[in-house]
Each structure stands twice: as structure tokens, then as C-alpha cells.
Amino acid sequence: MSVATQDTAIRTGRVTRTLIYLVLVLFALFYMLPLYVMVVNSVKPLEEITGGGMMNLPVVFTLEPWAKAWSSAQIGVEPTGLSPYFWNSIKMVVPAVAISTVLGALNGYVLTKWRFKYDTIVFGLILFACFIPFQIVLIPMAKMLGLMGLAGTTWGLVLVHVVYGVGFTTLYFRNYYAVFPTELIRAAQIDGAGFFQIFWRILLPSSGPIAVVSIIWQFTNIWNDFLFGASFAGAGSQPMTVALNNLVQASHGVKEYNVHFAGAILAALPTLLVYIVAGRYFVRGLMAGSVKG
Amino acid sequence: MGFLDIDNTTKSYGAVEVLHKVDISVQEGEFLVLVGPSGCGKSTLLNMIAGLEEITSGEIRIKDAVMNGVHPSKRNIAMVFQSYALYPNMTVGQNITFGLEMHGTPKPERDKAMKDVASLLQIEQLLDRKPGALSGGQRQRVAMGRALVRNPDVFLFDEPLSNLDAKLRVDMRTEIKKLHQKLGTTIVYVTHDQIEAMTLSTRIAVMNGGYVQQLGTPQEIYDAPANIFVATFMGSPAMNVLPAKVEIENGRPTAQVILHDGSTVSLPFSQDNMKDWAGKEILLGIRPETITDEDAADRKSSNIAHMTNRIVVTEPAGSDTFVTMTLGGKDVIARMRSDANVQAGADFTFAVNMEKAVAFDPKTEARIAP
Amino acid sequence: MALSADTDFKTRLQTWLPKLVLSPSLALVLVFVYGFILFSVYLSFTDSRLLPSFGWVGWENYSKLWRLSHWETSLTNMGIFAALYIGICTALGLSLAIFLDQKIRGEGFIRTIYLYPMALSFIVTGTAWKWFLDPGIGLENVMQSWGWTSFEFDWIKNRDFAIYTVVLAAVWQTSGFVMAMFLAGLRGIDNEILKAAQMDGASNWNLYRRIIIPQLRPAFLSAFVILSHLAIKTFDLVIALTGGGPGRATELPATFMYSYTFSRNQMGIGAASATIMLMTIAAIMIPYLYAELREKK
Amino acid sequence: MRSLLKMNTALALALSVTAGAATADGHGGVEVLHWWTSGGEAAALNVLKDDLEGQGIGWTDMPVAGGGGEQAMTVLRARVTAGNAPTAVQGLGFDIIDWADQGALANLNDVAAAEGWDDVIPAALQRFAKVNGQWVSAPVNVHSTNWVWANKAVLDANGIAVPETWEDFVAALGTLSAAGVTPIAHGGQAWQEATVFDAVAMSVLGPDGYKAAFIDLDSETLGSDGMKEAFDRMGVIRANVDDNFSGRDWNLATAMVINGEAGFQMMGDWAKGEFLNAGKVPGEDFLCFRFPGTSAQVTFNADQFMMFDQGGAVSAEQAALATAILSPSFQSAFNVVKGSVPARTDVSDEAFDDCGKKGMADLSAAASSGNLFGSMAHGHANPASVKNAIYDVVTAHFNGEYDSETAVQELVDAVEIAQ
């Protein structure tokens, strides 16, 4: 649709097309299934859920669980609901995504347009960092954050997410800028533009598609992160996932599944929104950068 | 000292030297063309003049100021790129004035300069468009406008016409020539197209393998190529190069050339110094247009030789007809008038203007005469 | 003449700027990735339990590690999981991308549906999946209540099959993303080549097999990097879906590492398992990165 | 005069609000890391919070749920490593001892002496609150884990009396099975299996054997025939569990008993809350009794609040928190909600229901007769590494990976590696 409306040269028969549609719709159902389960059960009273029939539509429709999950469910000692944590997440995600994307863009710019000796090794080092299992960094990271005085703060979390996201953003921007015509950079140099002016005036305005990919990727990962959020957040900076976990994982006590599901959907709304709004640019961005050699 | 001096300049990537001691001095207002096959080092040299590549050794000076290590934007040069390198996110107008903006020129002056350039290049109506909405020729003009507006000391062109179709290329060629005559700026122009080189330049540097093979006016290059590479690279169809043996006949040096049937024809040289080569093998260079029929032979020439040889193929090309024959064991092309009475398979008597013939040393491939 | 003396500060700054700009990222990565890796390797040779401690014990943690039967279980599971997950995601992603590339009506809508699971974490969807796979209330129950009484789907409860349910949920999450990558790759292919191939008489099948799919090599490689990175980091999913059970049947190296380091207070063994994991990753990724980056030069 | 008082209160309130804002770095209030986030528990904890705030002490809440406190312990490690330990942290059994051994905990001896903790807290529990002669944490409650919960209607319908012995119990299971009722509701998670195993092992090995095996980690006892018998009995229990047990949460298993789908569940006293929430009455709708063969013994786990050292001395806030936790009124109020019994034995049982009263009586009886033991399944018998090693074997056996013979060998081996 939105992506390169070029003519596909492939021709298919009517039977084949019907089959293709059938397969596509079946898979669409498969992908929708968990969301369906969550939505349906989030608008049922609890008795209806414990009575069985998780696929059934609600007999009694209620938005009570949503209201409760948002504003009055017990997360800690006070029944605050998820709402305060939502803002904690926003305060952490926005700077973390912005900084890691800008750093990735600058790195990609340097690594493709200002090549120097050993630049591929530097890139390799940055890229390999994507593969470090997060479980092993918890303790040393805690120590570092403590030394830097960032323990328990939102900025500490931002730092952590930037560190472990910059490998991906660099990869995306590097691949994108690799096919960006070098002559443009040279022309700008002759025109007298400096390092940052070239980046700001020439490269960045053309980086929309890959920025979308980078932002979607980072936003999703950081918003959904639990491990770092739980380990490094302080009392005032715990993100949404930690609160959701507190809601869902409450150990001893009645499990209000409808509230859990409502909370889960609430926690997922921002990422869902990002996918739906920016999704149409996503394939275009991938096409422009990350899948090219 | 010239306006632009390239003084003993070399370029190496690691241990590999790709440009060997280039030494060119360009006068103010000159149009220098660097021509050669791809990989000959011509674009590297241009980039070094622009400051886009570092100079390994030697010096480049503009107006006597050493440019080594000077940032491109401080050299007062402008460059037109093969892909035009127009900034896709800016309008034509912004593209043209970007350089001025970067140099801190105030807006009113920028606008005036932009208008002047736009009217010069007749692109006023395009100023608000984005490059994506322009045709190839229009982009070319914008790219030139961007260079012109800076009013630089030296213009650098990097194969600016190679992305255009044949018709447009010829038009733009003329356009560039006109501009040069009008503005009188110093230009260094890179191309692999020898016709562009011949038509545009005041001087040509023919490059190959990282060496400047010959530096001279178009006429010098054409008439007295320094070696076989230059001889065959410049001119279309290329100069015929065939083996011959030098003999003294009647006190004059002659080239003994084997015809299609194995018999020998004797073609007298105009140059006396060919006597030194008596009894030796040489390579004889003859331009196709100097092999004609008797009627078309150059009246002013003092040395027309004749030979009868069999025609293998004829190729009528409108204004001319190209005739292929076997001479000295090679395919040799003659350029005839279109009304010449030539037929494939027939024998024909050709007139060869030996005044224009060139001889090369078969070992060094360097020219020995004239 | 005049210029060379102060070949000026600004120009020199311009030549240093790129490295200057790159250096914060490089410094961060060197400290927070490579420094931490070294730290972790060092810990694997110490008697650390609750917190890091620095008594040197040599290879003891490694010998203990290899005596643990469920370390082997977790490695086997990793093999099965990674192979199936990467394989199925790639195959499914490619197939769906090809289908979706046939000028499908409502493509944007379908694409969003396929992509959205990537937006959700398993903290969010874990419970839904758990229910769905649970024979008592999930698919099996629903099918049986719809009259298909012989329907059985109890993999999640079965020691030998539970790992496949982990694969299923993981594939659900990422195959849409892989689909998008392939779709982007397909859209990038020059249509003239396809037309030429059709004139050569290639059937659709051959067109894809011989002409199109080979051209998707970069997309395959990107998919491989992303998928292997996700496979290695799979953690939340197992915790949410099976908790490593039934028994320890779905333990993966990441959960093993976490459980020894944090739940069991045997940080030394946890670090040893992390070291082995990292070496395995390096053994796979370094040749790949080397080949990739060299080629692009 | 009166208005002056009012003004003072308002001022104090305003001050406490600002103090609360400043507590992120642990000054002027308490920061409490805990995993009590479900409705009842959290509400009960809120009582404590209100109590402290009434004294002008701010409460910064740091809830991290997951894995029965495992997640919170991970967070705690990160916080301590960062040099940013919370003032008070919910802790269990050996975790407290481990932290005390690290020297990370504050010395509460002065508070304990003033409040007379030594006399009112059972010795078996003191083992986890008083390390090397120092009080380091304040116990909140005692859960006992060797309970069996039964649906009274189901038992009555099948003519089953409360089983006193293993044989009775097996017979009852057979009866239920024949009647088409799932005999035992069980959730297939390692800790639940270990909870059952705890009770079974206690009944087979007796208190001395239990202590030798799980507390002293005597390899002979661990590899004894009695241990094999315990595993055999686990096999019997496995045979009486429905096929769909794997991964089930404990509360869903409880729901099976509540709904009459199953007869029994072996679970700690927190299960009672589920019955009460469903409107069931102890003694009328459901029964609580000790696992057959363990009627004199109590295996327990206790939630406590460890006080982390905040630069040498115990802070006034920590002392106030500890005092508040061990005040009889909070002990009563909290444990009524939680289903557990007070950590101090001198609290009135007036507010408790039948099961609670029985629990309190059992606890003080067991404490005085030396029959009170820390629960292996809940980290009160041995360190986390050993506990999890035992989990591995028990859960593998329960899921059919090992037969009883192999399980015994693996148990000896696993415990050895883990030490």
C-alpha cells in the first residue's frame, strides 16, 4: 500500500489468489488470538472468568477492570493503579530513545562517511555488544551506577538503555548511510559545511525512514524492558512493566485476571500505538536501510 | 608559476602508489581536461585539488598559496559532480545558495547571486522545486549553478555529462564551452570521453596507470601523440597502428608495409630523422582520415603516397564511409568521403597522407617521429 | 604560504571531530560491555555466591557446572529452540512476505496485525499464552467443547514437548517482524529482472526459487542476526510461559544463568555458564561479522 | 490551645510530606522493598505505613513482585552493589543469614532488648532473625506449610473422615478417585512440589530425620531408605493428581478444592485467604488439618523485614519500624488478613478464625516441644543453592524423569554440588 506501489510482475491465478487470501487471513487470526483472549477477558467480571470459557464473549460487559487497573489496583502498599508508573516510563523512554537514536545516527554517519583506519573493527565492537546477555551485566552495572551516583534514578535507567541500544541504532544507521551518496557529502564539504552542518542539514533530513525503524525498535525494547527497570529503578522511577509485574505476579492472594488483562493491555498501548501509527513507514525504513547489504 | 600548480604530487593508499609525480601548471582562464580510462587516477587527482583526498607528497597551489591540508571550503573552488550531488531535501534555490550560507553571506546578497545565476542558466522557473522533480538536464544546470554562484577561483568538473543521453550531452557540452568563454574562469574537467576532451579543452592531460602520459593542446595531442596509448585513446575511430620496416630508398627513409596479398608497399616518410632507424622494425601510426581516395587527398600535403589494397568491409556512416582493409597483418580503417566508389572485395587505390604519419618505437611505444 | 602555519585550528578540529563524536559510544561499549564481560569471566573463577567475592578457585565452577544435568538440558533446549525458532521464523516470514507481496487488498491492515506481537512483551502476553496452551481451559478445552472430543493439545504439560510451545510463542512474537524484513527485501528487487525471467519462461515457483529468493540474501542475513540475538536473550518468555517447567524441561541458558546467579546464590557457577554462553555466541557471530564487514569494504 | 494543636498537626503533616519526598535517598523516612502487592497483603501493609506516618516517618514504597520474592532479591543485590540499599527489605530465612554474614544488616539489639523480643519469639524463628547474637530483622509472621485443605462437602459425600495416617490418606484418595473426583489439587511448580515433599518427608523421616536430612544435610539420611520411601509416597500423590497440573498456579489448585472438583490440597496457610474470599467458612465448608503423620510438627516460613545498615547505627526510623512491626496490634491485624499467625507467641487469638486459632495453638505447642522446624521448601532449612538443588530433584521425580531410586542418588549428589 504505502510502500513502493510498483507493479509486481508476478501473475497469479484466481484459485491461487483465493488460497493466498485464506492463508493470510488464517495467520492474521493466529496473530490476533492472544490479544483477543486478553481483550475479551478484560471486560468480564471475575466470576465469569473463573467459571471457564476463556474464548467466550462476555455475558456481562464491564469496564470496571480497566478503571481499576489504571487508577485503583494495588501495586504497592497504596492502591494507585498503573497511572503513576505510566509517566515514569514515559520520562525514561523518551530521552533514552532520543539519545540512542541520535548517537546511532552520528555513529553511522562517522562510520560510513568519515572512514578511518580500523573503523570496521570499531563497528564490529559496537555491533557485537548487541549480543551480550543482560543477566550478566546486572551486578557490575549496579556498581557503576552507584559509583556515578545514578543508582535508583531515571537518568541511570536512561544510561543503561542507551548503552545496550546503541549497537542496534548504529547498525541501522550505518547500513542506511552506507548507500547514501558520498558525493553529496563532498559537495557539502566544498560548499563549506562542517561536520555537524553536513549531518544536520544534509543527512538528517533524509533519514526519516531509518529513524522510524530505530525509534520503533528502541521504543519497543525499552518500554517493554523489565529486568533493568526492576533492578535499577528507585522508588520514584519504577517503570510501567515493573508495576504491571507487581499487579500480575502478586504471590499470595486472589488473582483478578480481568484486572491483570486490562493492565496488560494498558501497559502495551503505547507500543501498540507506535506500531499502528508508524508501522506504515516501518517497512519502508527497513527497505531503505537495514535489509540492504 | 601558474594559477593552479600541481607540483610533483603523488598519492598512495598504504603501500600502493596510485598517482606518480604529477606535474601540471594551469594558467588563469585555462580549461584543462584530465582524460583517461577509468582507474587512471584522474578523479583522484581532481579530488586532491578539491581537498577531498589528502596529498601524499608534493604540493598543490592555487594562486601561489599551498593547499595541502586546507579544508575544501577554504580553497575557493567549486565542483560539479557526476551524480550532481544535489541535496534532495532542499529546493533548487536552497541548493544553489547553501554554499554561500555556509560562508556566512547575508541573505539579500545570496538572493541576488541566486537570481543572477538562475538567469544565466535559464533555471529561474525551477528555483522552488526539489531536485527529485527535475529532469537530468535540469539537474545538470542546477549543479552548475551551485558551482557558479560561489564565483570560485577554480571550477572542478567530475564527469558532469556522463549521466545524460547522447543528444543532451552534446548540447550541454556546447553550453559549458560558452560559459567558459563568457566567464573566463579556470576549469579542471575530468572525463573519460576523448571527444569532450578535444572539444572543450584549451589543454589536455591524458592519463593512464597513474601517470600523465601527455600534456598539451588538443592539436598537439592529436597530431603528435607521445606514445601509442595516447595515439589510440584520442580520436575516433582510433589511429591505425601497424608494423613496418624502415628502408632507405633513393636517399629517403620509407616504411615497408605488407599488403593483404603478402606483397610490400613502400611509403616514404617526410621526416629525415627516420634514417636513423634504417633496417629496423617500427610501428607506424596512420589516422583513418589520412587514408582516402586520390580525389580527397589533402592538396596542401607535400607527401601523398599511393597503395592498392583489397577492401574487406565498407561501413557507410552518412557523412563518411569507413573502409576496412588488411595492412601489415592488422585491420586498418580508412575514412572516405561518402560518395567514394568503394566495394567490399574489390581492389582500390588509396592515397595516404604520409606528412601526418607517426612512427613509434616498438619497444618503448614512445613516438620517434615527427 | 600564509596558510600553512596555522593550517588552522578549525580544519584540524574537523579532522578530529568524527573520532571525537564516535568516542563516547565506543567508550560506553568498552566499559559497559567488554569491561563487564571481563568482569564476568573473572567471577567465574572465584568463589562468589551472594555477591561478588574474589577468592580464586580455578576451574571448580566449570567442573561443577558440567556435572549439573540441567545445564546440559538447557544447552540441548537452546539447540532445539534456536534451530526451530530461527528456521520457522525465517520460513514463515518469507512465505507470508511473498503472499503479502501479491498486491493484496488491505495489505497495510494485515501487515499491522502480523507486526503487532513484536510490540508486546511477554509480561503482557504470557498469561494469555499460558491459558491458551493449557489443556484444561485453552485450545484443547475449546475444541472439545465445540464437539471435537478427541482433540488433544497438552504439549505445555508434557516434558518432551513443552519446549515446542516455547518455540510456538516465540515464533508468534517475531515472525511478523521477519516478514516485514523480507517484504522490504522483496520490494527492493528490480522488477525488470522479474519481467526478463518471465519472458525466459520461468514459472512463478522457479521465479521465486531461482531469481527472487537468492536476491534476498541481505534480508536473510539481517533476519539471522536479529533472530539469533533474540534466541540468545529469550528469558521473559520462558519465565512467563512455563517457568522452566514441567520439571526443568524448558530451562534455557539465560534462565539457568539467572537462576544460579540470583535465585541460588551461586554467582560463580552463574558466571561460568555466562562465560560459556558468550564464547558460544562469539564463535558464531565473530566469523559472521568478519565475513560481512570485510565484504562491504 | 486547641487550635494551636491543630496547627501543630498540620505542620507535622506538611513536614512529613516533604520528608516523604526526600526519602528516595533514605533520609528522614524508610524505604521498604517488598513483594506484597496483592490486594489483601498490600492493604495490610498499608496499616504499617499509616502507623509510621502517624509518628511522622515517611514511607517510600518499593514493591517488586515475582517468583515469591526472587525478583525482589535480585533488585536488592543490585541496590546493595550500587551502595544504595533500602532501609528495610522483606526477607526470608537463609537470605537474611546470608545478608547478615555480608555485614550488610544493622544491629537491632537495643530495640529487641527494650521490647523483650527474646522472650516472645520462638527460638526456631530467632535462628533467622538473630544472627551471631545480633538481632538483624523484625519478624512479621509465621506461615506453617504442612497444612492440608479439604472440601468438607466432598469428604462428607464420600464418607471420608479427616485422615490421621498415611494409610488413611491413601484410602481416602482411592475413594475420591473411584467417585470421579480429582483426589488432590496440585500445581506443578517446583516450589509447590517441594512444599508437598516437605510434609511427606516429615511424616516418613520424623522430626529427627527431617532435621538430619534438610537442616544438617547429612548425606546418609539424604540417601536413606526412608528418603526412598518419601519419594515413593510422592509417586502415590502424583498418581492422584489430574493430568493438567503442570505449571498451574497454587490459587487455581485451591479453586479446584473450593469448587469441589478436588478433595485435598497440600499448601501453606496462605491458601485460607482464597477460601475466605470465596465466602467459605472454616469448619463448615472447608477443613484445615496437618498433613497425616505430622500433627505434632510445624514446618514454617516467616516473613521478616531486614534492616540494612545505614552507616553504622540503627536509624530512629528503623527502630520505629521494627517496633511497629512487632507491636501486638499490628501482628494481629496483619496476620488475620494474611492467613498466617503472629511471629510473637503472646498475641491474643481473639481476632482469628478457627484455622487461625488452631495454627497459633499448633505453633506454640510445637515451639515448646521442639517440633518447630524451618521449611525446606521455603528456604528456612538450608541455603538457596541447596534448596534449589533439592527442588530440581523433587520436581524431576514428580514429573517422571527419575524413579525413586535414582531420585535418592541424585538428591545426595545435587546437595553436595550445591554446598
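We call the chains A, B, C and D, going by the order they appear; numbering starts again at 1 in every chain.
Throughout what follows, contacts are C-beta pairs under 8 Å (C-beta built on N, C-alpha and C of every residue); 3 or more make two chains touch, one makes a residue touch a chain.
Keep in mind it's a predicted model, so treat the numbers as computed, not measured.
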Max contacts between which two chains?
A-C
Which chain has its C-alpha centroid at the greatest distance from the C-alpha centroid of subunit C?
B
Could you please state the distance in Å, as a whole number, between where the Cα atoms of subunit B are centred and where those of subunit C are centred?
56
Roughly how far is subunit A from subunit D, going centre to centre by Cα mean, in whole Å?
38
Nearest whole angstrom, what separates the Cα centre of subunit A from the Cα centre of subunit C?
15
Give the residues of subunit A that touch two or more other chains, as numbers and ranges in rising order.
138-139, 141, 194, 245, 248
Taking each residue of subunit D in turn, which ones touch at least two of the other chains?
67, 74, 77, 81
Junction residues of subunit B - those touching two or more other chains
71, 74
The answer for subunit D against subunit C in the complex is residues 67, 70, 73-74, 77, 80-81, 98-99, 102, 188-190, 243-248, 383-385, 387-389, 392, 395-396, 398-401, 410, 413, 417-418
For the subunit A and subunit C complex, residues of the former touching the latter:
1-4, 6-12, 17, 20-21, 23-24, 27-28, 30-35, 37-38, 52-55, 103, 106-107, 109-111, 114, 116, 120, 122-141, 144, 162-164, 166-167, 170, 178, 194-196, 220, 224-227, 241, 244-245, 248, 257, 260-261, 264-265, 267-268, 271-272, 274-276, 279-280, 282-284, 286-287, 290-293
Interface residues, subunit C side, partner subunit D - complex
49-52, 64, 67-70, 130, 134-136, 154, 156-157, 159, 162, 242-249, 259, 262-266
Enumerate the contact residues on subunit C facing subunit A in the complex.
14, 17-19, 21-22, 24-26, 28-37, 39-40, 51-52, 96, 99-104, 107-108, 110-121, 123-125, 127-129, 131-132, 137-138, 141-142, 145, 172, 176, 180-185, 187-188, 191, 194-195, 198, 204, 207, 217-219, 221-222, 225, 228-229, 232-233, 235-236, 253-254, 257-258, 261-262, 267, 270-271, 274, 277-278, 281-282, 285-286, 289-290, 293-297
Looking at the complex, which residues from subunit A come into contact with subunit D?
50, 74-79, 138-139, 141-143, 145-146, 151-152, 230-232, 234-236, 238, 242, 245-256
